[in-house]
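Here the structure is laid out as structure tokens; the discussion comes afterwards.
The letters A, B, C and D name the chains in turn, as written, and every chain counts its residues from 1.
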Amino acid sequence: MTAPPVLDARGIDKAFLGVPVLSSVDLRIEQGEVHALVGENGAGKSTLMKILAGVHTADAGTIELGGRAVSFTHPLQAQRAGVATVFQEFNLLPELTVAENVHLGREPRRRGRIDRRAMAAATADLLADLGVDDLAPAAKVGSLSVAHQQITEIAKALSQGADLICMDEPTAALADAEVALLYRLVERLREKGVAVLYVSHRLREIFDLCDRITVLKDGRLVQCVDTADITPDDLVTAMVGRRIEAAFPERLPGTETGDVRLKVTGGGNARIDGVDLEVRAGEIVGLAGLQGSGRTEIAEAVFGIRPFTRGTVAVDGDVRRITSPRKAIKAGLALVTEDRKAEGLALNQSVRANARMVLDANAHLRSRRRLDRIPQILSGLDLVSRGDDQEVRYLSGGNQQKVVVAKWLAAEPGVIVLDEPTRGIDVGAKHRLYTQIRALAAEGLAVLLIASELIEVIGLADRIVVLHEGRIAGELPGGATEQEVMAYATGRRSTEDPA
Amino acid sequence: MTAIATAWHRLTARLAALGTTALIYLALAGVLVLGGAAVAIDGADKGANLFATANLVDMLTRTSLTGFLAIGMTLVILCRSLDLSVGYTAALSSLVAATTMDGRPENIPVAIGAVLLVSGLIGAANGAIVAFLRVNPFIATLGTGLIIKGYLDTEYKGPAGDVPELFQQFGYTRIGFIPVSALVMLALAGAAVWFLRSTRTGHHMYAVGGDAEVARMSGIRTDRVLIAAHVLCAMCAGVAGLLLAARFGTGSAEAYTNLYELDAIAAVVLGGTLLLGGRGGVAGTVAGVAILAVLDTVFNVMQIDPFAKDVLRGAVIIAAVALYARRQLDRTAARPRFAAAEGKSR
Amino acid sequence: MTRLRGPVDLLRWAANPTGTVFVLLAVIFAWIFVLNDAFFAGPSFMAFLKQAAPLMVLAAGQYFVIVSGNFDLSVGALVGAQVVIAARLIDGEESRTVPVLLVMVGFGLLVGLVNGLITTVLKVQSFITTLGMLLVLFGAIRLWTGGAPTGGLSESFRTAGRMGIEGVPVLGQIPWAVIIMVAVGAGAILLMRTGFGRILMASGDNERAAGLAGARVDAARIAAFLLSGLSATIAGILIGGYAGVSAQVGDGLEFTVITAVVLGGVVLGGGRGSVLAAMAGALAIEALFSLFNQMALPATLRPTVQGAIIIAAVAYAARRRARPGSTAPHVSATANPS
Amino acid sequence: MQTTRLAAASAAALGLLLATGCTTDSPTDAPEDETTTAAESGDEWFVQADYDEQLAQRDIEPEGDPATPWLQAIEPEWIDTSQFAREGGDATVCFSNASVSNPWRVTGWITMQQQVEVLQESGEIGEFRVSDAGDDDDQQISDIQAFIDAGDCNAIIISPSTTATLTPAVEAACESGVPVVVFDRGVNTDCAVTFIHPIGGYAFGADAAEFLVDELEPGSKVLALRILPGVDVLENRWAAAEKIFAESELEVLGNEFTGGDAAEIKNIVTQYLQRGDVDGIWMDAGDGAVAAIEAFEDAGKPLPVMTGEDELSFMRKWEETGMTALAPVYSNFQWRTPIIAATMILAGEQVPAEWVLPQDPITAAELDDYLARNEEMPSLHYAKFGGEDLPGFPDAWRDR
């Protein structure tokens, strides 16, 4: 006699302002199952999760948890019913400690008073149980690494005694090494009989971790299959509704590698050192390395956010002292930052306002011609929006990213640094973005690409510079194998060794 | 030149090492020392002494009123809200108290009850407007303040009611050189500290102020917390009203003309509570109140021109906040996902 | 600004936070019209606009500060200070008018600069910065004049606030104050369409993004305070000209003007709202006072009604804004007044 | 015991005190609760007895030399102060001031300081210690306590910011054994050695109202402009005027609160003029009076019959326009008296228990004279400041 499914949702409908986002979606998850929920952005994954989490309420349909019918109007009810959710934007308070965050809203009490000792103890047990030994319950969350914040989130979910944990893009912020840790956690959950709803764009993880896969497209259920019965290609087809030709587009014809546009010599500061880097026109150079290896740090040093204190930076041959983004832009650099919402966009402003932000901010760039080019740039990136005056906060993640890219292209930079350009973007959009990156190179831009997903670097870069602990460990040609890259990234090999 | 620079850096480093609250008590000590010195030098001929009993009493007395208001204000500010109506609430409370007591000692308990009820209701209204109608607290409480003002102007054309001698003691008696009102204020402060640290509602105020959405997603009923904060804040204003009544011997609608609310906010921020919510506490606020009170006394003892007082007060508030503003802003700037990035931007 | 295409858009526009204020304005005017249509006769309506002009100018200035994510509580005290400075320095001498006007502009900008520097460089929340500035100005000006304004304004100084172009058909007189107010408004609208305006808006919305785009966020915010100081100066010139010197000039204006701006659908915390709506908010407030007067509403009751209406209007606008926002819950929490 | 004290108070006929005294301190006719207060609030400020008395006092010839009105007293009841007599001058006089937040108080404050200097020269006063409460009652209570606790004040002068609320503090001051002098607004206790004030609010309001009644045709429309509600001195002025208007043929268009802000005044008057004619303006204080007149000028309406105050800006405008007007006076020279009284008390000389100073309005006949006398003075100066004979004159008042 098998136990009833942890989750059995039937015929879920949801519409916002009359626009249907989900129509009659079914989702069934068994105990201890790791269930993948995939689909392009806007397919309705997040909405479905938020309905399960009690953030939104379904317009129609039934939800049963362990055989009991439920209907949530507040996240609290979902938690009490055993559904915990780890959202993409973390639900943590930087000012509070790990323990306080884990128990937020459910602090243990003794005689009416919050029992902090019990809180710390419980957290310690929880972390130990997850096999995490390097995270102190008393640590302030604001000071933790992204990975540790991720763990805190999961611990929080577990402490709610959840039978079902929904994870939205749990690895989006993690470097490959840290992903391994997450794998361990998920396995642990499986052993404990906790079911996991795993939402991700990363096919590899889905095939590594998940037992079954539910595919959504345009708010409808496409299929629900055992992972064993489907190939990655078929899955992609199911998601985007068309077969995508080879995952990474070839270098476009007519792209020729020209003069050196960006040259860093002996660059270094508090976090990085001895950086020698060279990017030529029409070239895509990939920066690979584990989280904290200094990838983003290099990007930010080059762009003057946290400038180099040692060494020189030359753009198009002449040495520049780049001590602020402003100077970087003057020098013809552009930086597509890792985090769109926090660093890339003014969310309440229109698409137009955002797209011309760089031109507005830098008088020397503002010209009729450049302003007039913006519409073409946007359409060139095939942005989907309700017109130029739509506020960007209403755009999908992919389209928001396009606005960010457009913002920089409008400035006609010579060098563009892309930091995690594809984070949280669905497969289809990713592929379009890859092609566009190729196109940029073809136009003679020097592209510096940073990605935590190794395959991206390998698939796109003409050269791969691998970092290890803030220094350049080695350089590989494009198309190198992941093993080679990891060898450098983990410090097992370095240029000093005889190759 | 560089020597000074390095010295400065060493100093700032030292300060940075301190907790904000500690820093504020350091500031308070500083103000006391400087004030004491100033008074001594200024009144050398008369042998003036800031720490003479008379002056100590004066300082402590001055802390009481602002203290009550500031303690309540701390709670709402922690929730990233604001209450600009406390001055009006206090004025109304003084009238409710005085008219209810009506010179009869036996009415005192009823009067206190009535005040807490009325002020509590005002707070509930503020909270509800902010929480449910999503009106910015600045505007919401400015509005309720106006509403109360209109009521006061219409219903009370001046002082009304009569506070019995017995209750006036609350405003006038003192144990040694410590006024009863100051003791009550400190007791209330203690209670507030305990409340924020040891009760869920109190603890959740930090969460709500830190990030309302996160708090909500963690299953905290943010609306309730916010309303609770406003109710408590208004009740503190009610207590302040009781103190006014005790000191006036009657209720006074005019009390609202003194912009007590701005004093309270200034004290709270001086006390290191972040105007953006989520950080700070009542312990700091008490120090903030004390700083203002010390200044007032110093100015009085030194016979500073009333208008010069305003200038100095304004300057000191800005300077003191500037002293530790930078650190605070940086801390709260850090949001989990962006912690790394923010870390670099410093 | 929202472009209107057809009745549907008109409705949507009326419903959005910016539109609300115009609807409110229409309602108030309609009511006044019912009570006393003579109010809308050219001359008396011009007189009304003349009264409203200073607050509208202040609203424009305050708008820049608020939209860039700050507060300016010092404007009331600054207006008062400017009038007193003018009276004391001019002291009735026609010849001094122009130089003193220049001094006033300089002083206004100086105050704005100080506010801006303290807020951006010293990182003091603008609420506190300008609260402190309020105290400093209030005290300093009285310290300087021994408590009550001295001296007197010249006739030419008072022209701007009191006189106008006479003998205009229908309107009778077009007050200079109204012309100046319109000019300021037009200037503000144009300014918001320039790169500076957009950057100011972006800085209020997401300062980090603006900074990474190469914007000088702090410079923009300081500029906003400068504009606020300038507008307070102009308002001071208008009010002083309109009514002459009195000890209480400017008292409490800061709260009235912030209320006005918020009534105009501008969000405290920055990044949203239009300057036109902000000025309309100021006009609505003045209209409200006129309405009270036309209704012969007991003076003591007016604050109550005023408070209730403000809360209601802002709540309505807030509700409208919240609607679409619900699809993107995580972005809302970012903006906050500092 | 408060009742008995009140009885004594009424016996002493403390005009101003009673105004609020009745509603606040005497249980017999005190409001049962706030709602009845509200109900009564309409006539809360009118006490027939005080009204009649003040109106009568206007016609009583005050004792003393008319050349020094600040030393005159109406129907004084001289009391012995020998118990406070003190040897060898250099007395420390402590003054708790409500505020200097309006031109009237500023002018008086300067006069007082000048008076002090004279007495410091003559060695009667040593230190003159002042604290300013900035109109904050609670602050002033602390200030007075500070004086008491300091213990080295030989005399305490108090200008209360609000009548009722300062009573307990003043009582405390009295109990400290130091001679206490109260002036301007009173308190609900007669414990002070002397209470110095001009005739009072009723007289002020009546002077103005009667003038309008005499000068205006029956049926004329009058607009009342008031500073703010709830301040007893001001409320009394209006209460008297309200009564007189009610008994007259005049129609009161409304009474508006202006906060003394010129712009506000001009707005309100302009709006009334938009609605119809206004024949008379009654003001409870002169601040911003000129703005009211300008409103008529700008609207091109005939100037009203008007009452302001002896503030020069108004009197100059009055002279310049030749309008029909009256300048009721709330004698500013009263700021000299408390200092003199304090020294008299410390010298053991008799002083009036209640020192009622004369309070004569300035009429068209006296206008030019007073303008001439104050020619050099700034526009917000008060004509009857009574400091012409002080050494600091005129610089101290002219160059503030």
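Throughout what follows, a residue touches a chain if its C-beta (ideal position, glycine included) is under 8 Å from a C-beta of that chain, and two chains touch if they have at least 3 such contacts.
Remember, predicted model here, so these are calculated numbers, not experimental data.
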| Set of chains adjacent to chain A and to chain B | C
| request: Could you tell me which chain lies farthest from chain D when each chain's centre is the average position of its Cα atoms? | output: A
| Pair joined by more contacting C-beta pairs (C-D or B-C) | B-C
| message | For chain C versus chain D, what separation do you get between their C-alpha means, in angstrom? | response | 37
| Computed distance of Cα centres, chain C from chain B, in Å | 29
| chain A-chain C separation of Cα centroids, rounded to whole Å | 43
| note | Here the gap between chain A and chain D, centre to centre from mean Cα coordinates and rounded to Å, is 74
| Residue numbers of chain D (touch at least two other chains) | 100, 229, 257
| Which chain A residues reach two or more other chains? | 55, 89, 305, 337, 342-343
| message | Two or more other chains touching the same residue: where does that happen in chain B? | response | 153-154, 211, 213, 306, 309, 345
| remark: In contact, pair by pair, are chains A-B, A-C, B-C, B-D, C-D
| note | In the complex, chain D touches chain B at residues 2, 20, 23-25, 27, 30-34, 37-38, 41, 44-45, 99-100, 127, 129-132, 134-139, 141-143, 145-146, 149-151, 162-169, 172, 229-232, 235, 257
| Residues of chain B that touch chain A when the two form their complex | 197-200, 203-204, 206-207, 210-211, 213-221, 278-279, 331-332, 334-341, 344-345
| For the chain D and chain C complex, residues of the former touching the latter | 100-103, 105-107, 109-110, 229, 254-257, 259-263, 265-268, 270-272, 274-275, 287-288, 290-291, 294, 298-299, 313, 378-380, 400
| said: Help me check something: in the complex, which residues belonging to chain C touch chain A? | reply: 3, 195-196, 198-199, 201-202, 205-206, 208-216, 271-272, 323-331, 334-335
| said: Under the definition above, what is the set of chain A residues touching chain C in their complex? | reply: 16-17, 55, 89, 303, 305, 325-326, 328-330, 335, 337, 341-349, 353-354, 356-363, 366, 389, 393-394, 407
